[in-house]
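Chain lettering (A, B, C and D) follows the sequence in which the chains are written, and residue indices restart at 1 in each chain.
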């Protein structure tokens, strides 16, 4: 199964156009990333507070298909992919009632948190990448089988 | 039972001091308020998007007892109280592992959303206030009985 | 001259990694867009509060080259471009001390705010697009002349 | 002269009620505090990124008198006050076109950033407190003289 994260749209996610403020959808995707790390046993406090290794985002993009409103129940699915020894990418699909309303990407590099020099992905992230990748591929295969 | 809302501290809630940015705790309390409204059957989209009646906050305060870190599992309990025909107040208690880390208050007035004139609290809010108040008082009575 | 917007990085823009939270850079770009609209005489309150025409973002992307820290003086330059009768794109370049630290894009469509149907760009936006485009091209020509 | 900070209300400060989201006014007050520190020669990057001494907020409150809209030009005046050897408070008054729309308070304690133990206010903060206090008192005296 692809990892999914459920998230109600909150009042503070919205703006005066009465829909989710565009940049906030990236914050919501990052929450899905955090939840997925926690699900694979990673301690979020250690991972994000004074870590020795960090994974800053070097690129991101979002495509918006439909507006999202306060109270909407978002389902965010997340598919990460290793891009090299020191980088990975996450593809997010955001749905409301089975309709895809937005898609996003975040690309991360692995750095030493104090020197900010690139370094190889540590074991726990490689393992998180593999588990999620495998789950996503399994889901894709099942979907294709159903189609055929 | 007093209404409670569970919320993991997210990376974007934090600031460069590596703890929750002070103003964000109020956003988290407002989420608890939204969740409590939804639990009593109120449609959040209708309530917050182009409503005829609105409940703007006229006063708020927070006391911070301990820092909150990324990944912390917050439990927010919420006790609302009617203050008059056109206003109510909500008291929030935020805990991590049974230790109270912050307390907050939001005071709301009821207004006509287009004229912005004060008006009486509508039926659904009066009912939400009574249910939550009764639940909170029941919890308090049980707590006192245990103490005695 | 290309339109530029100066913006100090604030404490609340940062996260526990002690740099600007990635999604916040888009909020800062949007501020530059707002400031540019105001500079061409557009009333921001009318433009963003209950307007008849709106310009939601359908695509956005950011490339991050260097981290931004609390107190950094960002200079955001903004070059808009008309993409059709009902859409435009804005390219942002964010610099600190003359070094480009990030680049971003927002793509907007023009819709009727109540029906959410696409419609032609109104006069004031066409005029804003032309002025800013001309200014940007002038700046580019001067830069090329200096190089030659 | 009391220190003042000018700030246009941004689209992302607003919510689906088409006014400033209540918690965001505290973020805007904190910006005024940062700007006031910078005006007294304090380096914001050093002050907020990996400092040895920090000034977390232990209490805050806001009273809202009028809604604030996208594009509104806020003027935030700031009056700090020393409360003891290890704490201070800042009172903020937020105006639009000379009408006070909100008032806020933040109370800060001085701690060692690594041990989180309370410690005496350092020289640069004591000096910032005295300068701003003196300026505010001078402004108050002038105002009273005009009244008499």
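Basically, contacts are C-beta pairs under 8 Å (C-beta built on N, C-alpha and C of every residue); 3 or more make two chains touch, one makes a residue touch a chain.
Predicted model, so just to flag it, every value in this text is computed and none were measured.
Common neighbours of chain A and chain D, listed by label, are B, C. In the contact between chain A and chain C, the residue numbers used by both copies make up over half of all numbers at that interface. With every chain reduced to the mean of its CA atoms, the largest distance from chain A is reached by D. Mean C-alpha positions place chain A and chain C at a centre distance of 25 Å. Each chain gets a centre from the mean of its Cα atoms; for chain B and chain C, those two points are 36 Å apart. For the pair chain A and chain B, the distance between mean C-alpha positions equals 29 Å. Shown for chain B are the residues in touch with two or more other chains, namely 11-12, 14, 16, 18-19, 21, 23, 27, 30, 48-49, 69-70. The residues of chain B lying in touch with chain A in their complex are 8, 10-12, 14, 18, 27, 30-31, 34-35, 38, 43-50, 69-72. Residues of chain D that touch chain A in their complex: 11-12, 14-16, 18-19, 21, 23, 69-70. Listing the residues of chain A that touch chain C in their complex gives 16-17, 19, 21-24, 26-27, 30, 48-49, 54, 56-64, 67, 106, 113, 116.
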